[in-house]
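First chain written, first letter: the chains are A, B, C and D, and each begins at residue 1.
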């Protein structure tokens, strides 16, 4: 879920809480706070903790709260993971450090993740997000990292389905692989993913749930039609127009979207018009 | 299928014919001659025609012969496509020109493919192969190209499963999308692909057929296990070690593999050992 | 210059001060604190401010202190730039935000840089560092950004010399372009750059100065020999082995290098041996 | 130099001969026939030989004829190199094979180049052209390839000036490094290149010569101004709009440009207008 800001770009956690309450009526497994669409990298450490705490207050006990805690250093990631656990998160989602790309060898990545997992009292899920980080961890790297009892899964937003299938085939029993984008949700299920953590669930939660259920019911023609129908919407609010589009779409549905923090700009009017037209065409008009 | 050469690197079509005869006992829909694994770019125009003719002589009438005919110019591609049709090919597979990357705009690609399709008496299938060509045609480009009555399908070897799903969802009725690599065969079926044209079928044809049948029978756990089992083998004979590995694997199974044309080198002994060990481990030991 | 940490990875500013004092005897124009080799992204905001203050205390008045202040948001970058100015920095060096790559349009980049430059009481220098950020700003983007009276220069670490020459040719009078890496220092001078901000100056300051002077004296054969001699060293402490190699080299010269913050790991022993051998071979053995 | 085609896209060698005669009045060292701008990959083997022969007939004896002969296989490259030598070429320019990118290891590249150099009766120059080939050979690879007595130089069109400087510093005595694009001509001279093989010389030969002479005369401000002035023109006829722009520019100067072979399309009218305006603005209006 996105992070809410007011007109001065200050945190507006009450709006996040309202969004959570609205979305909680859907049969979603839980909420990710401070993923890429949550503008993780746009917040100070204090703000991050405030978001963890505010969201946990309203996320129902029977739904998972997953907290994004990945920073550029191991020490920062540990601090944030402890804070998230203290705030009541059920698990942490840890993006790999990525500024020193050449230094992010398998050895460094394993040491980083294991150091965090050693200290973190709640389970850790690996987060691979090459589109933003510029690093696409390999299957071998992810599997090496996963060799820790407190590391329980992977959110892969790269979408290389061969790699996802390979990881699932080689991973330890019970390792949970989750689609990181709704664009390949059906494909990920077909190769053994057990769920998804997807931006699209903010604006089309039932459709995301339906793709999963149609897969589980083996209703492939319907699943394929729904998946194909959702791809342009998903692309619009992720790779194409990003966080501002997701927020604009949320606003159009009665949720609170608001503005991203600068330098990310709100949508131009012409793009906004295209987006709203697309949502209408795909019947995403209320929540 | 690979192209066979003798010890002097001359064409050895009788060995290709023997391979076809051996593989024809499997329930494969047909054969692709002169794809990327067929070393299309390593042959002269005369050699290409000789391969089309020799293969068609032994490919059973009830199996499709698909002929790779993509060249760097429109005129060359037309010449080769006519030659393939004359040789009895059922359809041509046309890789996009790719040397002048900046010039390969949607307009240029559409003009190229439509000019070829206009002149070619047999159907045309688009071939997207970014790993070799350095161009990954977009969904919009492929859909624009597909708007011609003689263009009936796509072999996509890029493996971007979101793009594949989007193309299937937006394509004209009956447009056939085919997985271009066995690494994402199951995923491609799950989003609506109707088949695959895959190097792995040269050495594990029954396993490729089984993945399709398990999908059609909705036997997902088995399909996933077989798909995951095949990925390392497929990677070994494609992205990792390439054509020489595929040829070495064929030799190990009693087919004729032989050597690639230089500058592509045969496998080092240590790699060969690793490959044969992998094949053994995955039970790919006879055909 | 690198940022110093103690064995617990805490800031060790007194060691940075000692390094500054040692290096101040060379005819360098000044010091950059908290660039990429200064592990900018590894520090908290408080730590950054502490580094600005500590370094300014010992950087001689007649030498420039340039402070890296780029963050992922405009507001954070403004806060840091104000803090750097308060600490006595002469100018700020601002890396572009880069996590939301798709959102970093020319419009967004210009708005960001101009908002910072509007608020910052000291001049701003643009920092382009594609190897780490994953964004290589174009000549058009950099020139659009430069259209602000408080934006006075560019440190380009991408090393595309054609782009550097184009920017110099099209920039406003007095706009200062600086080589961001010693690998292309001579080439940058030859197309009109006025200086360099280079990691190599930490371990081979006189050689960097000599390249500039040989260029100014039009002693090309000597300049070329020295430039070519320094490239492997520069590559070793930047693109190849990175910050840990730079720190190890500094330790070997009697400066304080120490360890990087994790997840960046110290050099393996075998790499360390190669590095020290290279330094010896290139006569970089004391400072 | 570009290759000339008539309205039916057939070779029009007499026009190439006229172009050579016009350009021979300039103090250029020679001509490259069938480089990337010569549409090497657009011709059949027979056509290539015809071009070598036709051009040599009119290239003055005191000017070098360099012939592009790189093909995808070693055997084809040898055939073409022998044909070029027979036609009277002074040296061959060999682009690396590039379709099987993964197979182009140092070992394979060295074996390829050395096999060609062994058989070729005239000297061989290595051609690195990552923008088209998708492979950017490393300094180590180029230096390993250069270790053959018949391999005398490198045309580098990648423009990584650090790599160019490193190669020059480490190469055997007398190894000639040539700038492959006029965008970095001055920079290449500054690090020790001995010349350039550049598309821009077709439309601004004197300016290219002047950049070299200004460098040799150590007239840096003038050299920098001319270099910067030429960059937008060079970009227009290479990376930006490519071969059709180069041909259009030649037509505008009274040389024969004509059309590229399809699928490369002629310039749109609006682009043509922009190009001609740019040429006028940069005083490139006659030859």
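The rule is simple: contacts are C-beta pairs under 8 Å (C-beta built on N, C-alpha and C of every residue); 3 or more make two chains touch, one makes a residue touch a chain.
What you are looking at is a predicted structure, and each value in this text was computed from that prediction instead of being measured.
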item	value
Partner chains that chain C and chain D have in common	none
Chain whose mean Cα position lies farthest from chain A	D
Centre-of-Cα separation between chain D and chain B, whole angstrom	34
Centroid distance [mean C-alpha coordinates] between chain C and chain B, Å	49
Residue numbers of chain D (touch at least two other chains)	none
Chains grouped in pairs wherever the two touch, ordered by label	A-B, A-C, B-D, C-D
Of chain C, residues touching chain A in the complex	9, 36, 41-42, 44-45, 72-76, 97, 99-105, 107-109, 111-112, 115, 131-134, 239-244, 260-265
Chain B residues touching chain A - in the complex, by the definition given at the top	159-162, 165-166, 168-170, 181, 183-184, 186-187, 189-192, 215, 218, 220, 223-225, 227-229, 231-232, 235
